[in-house]
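First chain written, first letter: the chains are A, B, C, D and E, and each begins at residue 1.
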Amino acid sequence: MTTAAPNYELLQQEGLETSLLEISMGPHHPSTHGVFRMDVKLDGETVVELRPVFGYLHRNHEKLAENMTYLSSMPFTDRLDYFNSMTNNWAYALAAEKLIEVEVPERAEYLRVIMAELTRLVNHVTLVGFFVNDLGALGTPLMYAFREREKILDLFEQASGARMMCNYFRFGGLRNDVPEGWLDRTRELVDRFPAFLDEYEQLLCENEIILSRTQGVGNLSRELAVNAGITGPMLRASGVNYDLRKVDAYGIYDRFKFRVPYTDGDTGDCYDRFMIRMLEMRESVAILKQALADIPEGDIIGKVSKVFKPKPAEAYGRIEGPKGELGFYLIADGTTKPYRYRVRPPSLINLTVLRDMCLGGKIADACIILGSIDIVLGEVDR
Amino acid sequence: MSLELIKDILLATVPLLVIFPSLFAFTTWMERKALARIQNRIGPNKIGIPCTRIGLFGLGQPAADGIKMIFKEDIVPRGADKLFHLLAPILALIPAMLILCFLPLEFPWGKFMSGQVQAFLLDSAVIFFFAISGLATLAIFMAGWASRNKYSLLGGMRAVAQMVSYEIPLVLSAVVVVMMAGSLNAKEIADVQTGFNWFVLTPWGLAAFIVFFVAALAETNRSPFDLPEAESEIIAGYFTEYSGFKFALFFLGEYIAMFAISGLAVTLFLGAGDGPFLAVAPWLSVVWFIAKIFGLIAVMIWLRGTLPRLRVDQLMAFAWKFLLPLSIFNILLAGMSHHVTVAYPGTTAQVVTWTVSLVGMYVMAKGLDKISRSTAKPREYLYAE
Amino acid sequence: MSILGGGIFKGMAVTLRNFVGSYFSKERFITTNEYSWRPESELPQSIGDYPKEEGEQLSDTTTVNHYSRNFPMLLHDTGEPMDTIRCVACQICERECPPQCIYIEKSTEKKENADGKPQFYPAKFDIDVSVCMSCQICVEVCPFDAIVMNSQFELSTPDRFGGLLVRRDDLLKSNDYYHKIHPQEAATRDERMAADKAAKEAKKKAAAEKAKAAAEAKAAAAEAANESKEDTE
Amino acid sequence: MTQEITFWVLAVIAVLGALVAVRRRNLIHGVFALMIFFAALAGLFLLLLAEFIAAVQILVYIGAVGILLLFAIMLTERVTGDDARDITSRGSFWGWVAALAVLVFLLLPAIQSADLPQTTEPYNPSVKALGQQMMNPYVVTLEVLALLLTAALIGAVAASQGGEKKKEDADDA
Amino acid sequence: MSELFHESLLNEFPEALWDEAAGAVILPGANALAIAEWLLASGWDYCSNVTGVDYLEAEVKEKITNDAGETETVTRTEPGRIDVVYHLYSMANKTGPLIIKQRTGREGATVKSLTPVWRSCDLQEREVYDLFGVDFKGHPDQRRILMWDEFEGHPMRRDYIEPFDYEWEPTAHTEILEKHQRGKVIV
């Protein structure tokens, strides 16, 4: 929050150049993906100064978790990045499983990978839709994205009971097995998805207006990206080949053959970030095909009591979420409640470089650079 | 004051004031239905015959919107310039309605059956058209300035810059047709094109039509050029602070301007009112005219459903560095092909000039495109195992 | 793209295909909601002819089967609700509920429940539906399978204060209603309960036999002890 | 009969527009009043059946000059126009005297002595004739004018470009 | 590699301590920045996570063998402290976490800011400043990030008491809340 309310009078500048126009692209703005505010100073159309303001959706998620048992704060992780509740659950389950010895059965591991990759599809398809919507296409790509997202959300509802707030992962496996017929419906969806992706790419990837609007806008160099802790598709668009599914190989990702798209690092602009997400969707489909092919039968959760007391220890579990590295840092003190519960939010840390990328660009560029970073305010403000 | 004169004027102008606003209502419905279908939605289908459940494909939706707009509260910001805040929507509507009269539409009743006397059978109809359609720029600027709101100020500035710089390609591409038709009078231009030799079927006519259509899109702030009302960047641009009926007036103004400009495009390029079966029923010319206008508007809606928006500086560069040189080159081509066909009558010269002008036009367009947008092309990506 | 504006024309071709497709192929026109546990014929064809009986809600028809969940409901076996209620007011769910929206007042005296054992029952069992986030933690931690997720979502009330506090009697639903809305989940839950009950009986029988055997062994030992005592005297 | 009425109406609008343009303190109101004046003038031209001149009047004066004025007001600083600077007109008496002098000594004699042509044959202006005229006797003046305008255009671009150049040099240095 | 690495770190900078339980290196206040630069130079180019942890004043019962050789429990009051934990990773050679901690007292908590070395600590250190009240020396733009500027107090501290919420309206949920308040004691 800025200290004094920024004065909305036209700043009186000496000399004859035009005065700076100070706009607060405020919490209530169509293209800030939630309650996020940017205090922007404009010289004509060019952005001279940009200051992000957070905190509108802050509900102190971490203090809540300190007063509840490990299991009770699992449904709250859905509300972090409310687009990808499955991957939030998995990160939290992964961190907690490091505190207690529990053996996750095979079927649960396969289902975890399937749910995570379906969530990645949902996130990337909707992000590309919102990104092009910021560019000005009146909702058509977004509606196609939502049409595909509906199908996947129906699968989530039939498996976990809720479309977005799934609360489906448990420490040592999953809450309940998928109903029969679910795997066939998922196979059918995964087989039809590449056809939709081809149509989506034909609509967007060679469109001259998108090419000229996004190329060369919001350049992020490789060194700044690594130093600023950028992770996820944004980092790979800036030329660093760093994907936690390959680096940590958590879960059973090492059994699947898939590729990680990245660039050679000389541009790293909005177009790269947009294209990396389009290509990652194809890789997720490849993983889903392999996982759905050889998923075994078996029980769904390991032997662990619902409310457990882990030995005093620290654990930092992290996964490759659709937005970047989502990490949970738990400190256990022997009681049923975590002593400290910390979420490493990829959206917030990816915003560190927002100002560096937007300065010098136009106001229209600032909107699409924010769109290309892909933030969700539930995770930024926690 | 001879009553005869008053009757003639009323007979000419009243149908315009009645037909086109109702066409406006139909177009809003058509736009929402078409956009919905493009996005695999249904679009409005609930409001049909009032107080019943019959949906009638939502045809009652424009009426409902109109009534809603009338009863919506009309909020005027405290710092706003009351007088100009009120005047802006009216000034946006007047030029749009005025230029409708210059279109060579012969309504089939009364003395005009024979079509000689038409309300505004002016010699310099085309110049009047561009002069009065320039006034809309003023209205938008006045709206942007009077609302005392930063976003509408930005929208207003963008609108003025855009419309001023797109009026020149618009006029220049019309100059080609006026040159070839030899007259500024809309009626004579229409007569030259009767019998299916529309100007759009000639190569320089086609090029001029494309430039004219793109510039018309920018003039009426439609799809790829809807920067003044870019909702993702500057909320709703110049009409952020408008609500209630003033908001509806702006929309009426925008749609009627769309009708007028596509009407002119039809007159200049698509042979206004010319079509089959005219000998049988001469009143069909009005039907063909309005059908062609709706054809163009359908393309505008289709573009709105597909294309994203240009950035301000790209918009300017596109106008000055691409459309303007193209239209000037097109005038040269048209002149050259006219004199060659006059000098060497016969079909061989005709074919030669046509191929030369078509190829020349395309090469010129590709060259200009390469200069202005050299780097933007799809890229290849690396994959790590 | 070689020709000028090629990308734009390709994009327009896609939107045209979708425009035309939305009239013909079902794939491009997914707006109907065809999930329901009721057969097609019983579904309302238009909003006009529903709800049929008083109190029946549209949401009873259009809910997703399998595991869709909205707000909790208390289960009672077949018969008069308060006699066959499963909940014994152990208040585990009240403690574990993350947003703390359950309020239980234990009954003072015990009452016979379905299979004859005197049990406590909840005198008051309120769920504040405006606070509940339908996360199903209460269903997991409940040892008696007494609380399950319902999929009814038409709970809007004009009264902001008391209206959204659902009392115990509105929460109580019969087990066969549960079988109707979530057939598969209800089936697995009933099997597991039957299996637990059988296991408990088996264990009880085994314990009883062991106790009998131990008693006989003790008796035999006692006889052996006093026989040996008699020998030693 | 209708011509006289429309003439007087347009004349009054023109005079009022000019007056408001001069007296109004808010500059933006002034500019818009000026445009009303131009529009009334175009109406008068239409009355004289000189439709080409009327169209050009609207196109050039309202479409270009008006917007140019608005841009000028927009871009210059601290001239938003609605602050309360009072326009003092100290020497208004001598102003009236000068105006009367011009009216009496210049205008009235000119009006009396001018012999207005009382032609009777119908005068039908046509744009074609105007075009013909422009081509054969006056084609040289047309070309010179065109060159002059292009030079002005290029000059304007150079002047505005120059500004950026200076600033860029300042930034680079 | 990270397990071995902290040995080379410890012998490079002897004044750093090694906390076996947490597997973390505790940096001394003085040259924390120098150590950080050295770490960045030796390949730890990515600081993933910055966390504040608040420990209250606590009595700790320890079994120590006193001079007479038997073990007896001695209660020692552990002073309250705030740890700022940094998780470092190396993107270059893809190696696991190296955890470093900076320790400071609860009153007037000041710590060296590592933003000049890793820019990813920028917003996260501002959050620790906002929620824990730890002052980061050398932070380029230290302001409150999540709370509004006129907010007093640091909510994530264990001894934080919520201010009276005057806008709160009684609803049917009040009785439920009171019951839970009675039952639950905030630790």
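In the analysis below, contacts are C-beta pairs under 8 Å (C-beta built on N, C-alpha and C of every residue); 3 or more make two chains touch, one makes a residue touch a chain.
This one's a predicted model, so the numbers in the text were calculated from it and none came from an experiment.
Asker: Identify the chains adjacent to both chain B and chain E in the sense defined at the top.
Answerer: A, C
Asker: Computing the C-alpha centre of each chain, which chain sits at the greatest distance from chain D?
Answerer: Result for max centroid distance from chain D is chain C.
Asker: State the chain with the largest centre-to-centre distance from chain B, centres being mean CA positions.
Answerer: Result for the farthest chain: E.
Asker: Quick check for you: compute each chain's CA centroid and the global CA centroid, then name the chain with the smallest gap between them.
Answerer: Taking the mean of all protein C-alpha atoms as reference, the closest chain is A.
Asker: Please compute the C-alpha centroid of chain A, do the same for chain E, then give the distance between them in whole Å.
Answerer: Here chain A and chain E have centroids separated by 26 Å.
Asker: Quick one: report the Å distance separating chain B from chain D, using the average Cα coordinate of each chain.
Answerer: Roughly 29 Å, centre to centre.
Asker: As a quick test, compute the distance in whole Å between the mean CA positions of chain C and chain E.
Answerer: 42
Asker: Any chance you could list the residues of chain C touching two or more other chains?
Answerer: In chain C, the residues touching two or more other chains are 8, 11, 14-15, 18, 28, 30.
Asker: Touching two or more other chains, which residues of chain A qualify?
Answerer: Residues 140, 144, 147, 203, 205-211 of chain A each touch two or more of the other chains.
Asker: Which residues of chain A touch chain B once you look at their complex with the stated criterion?
Answerer: Where chain A meets chain B, its residues are 8, 21, 23, 29-31, 42, 45, 132-140, 143-144, 147, 203, 205-213, 215-216, 241, 243, 246, 259-264, 267, 271-272, 275-276, 279, 362-365, 367.
Asker: What does chain A use to touch chain E in their complex?
Answerer: 1-3, 54-55, 58, 60, 62-63, 67, 224, 226-231, 240, 242, 247, 312-314, 316, 318, 325, 327, 329, 331, 337, 339-340, 342, 344, 348-349, 351-353, 381-382
Asker: Enumerate the contact residues on chain B facing chain D in the complex.
Answerer: Those residues of chain B that touch chain D are 1, 81, 83-84, 122-124, 127-128, 130-132, 134-135, 137-138, 141-142, 145, 157, 160, 164, 167, 183-184.
Asker: With touch defined as at the start, can you tell me which chain E residues reach chain A in the complex?
Answerer: Touching chain A from chain E are residues 21-24, 45-49, 51, 53, 85, 87, 91, 94, 97, 99, 118-124, 131, 144-149, 155-156, 184, 186-187.
Asker: What part of chain C is in contact with chain A in the complex they form?
Answerer: 1, 5-8, 10-11, 13-15, 17-18, 28, 30, 35, 64-69, 96-98, 133-137, 140-141, 149, 184-185
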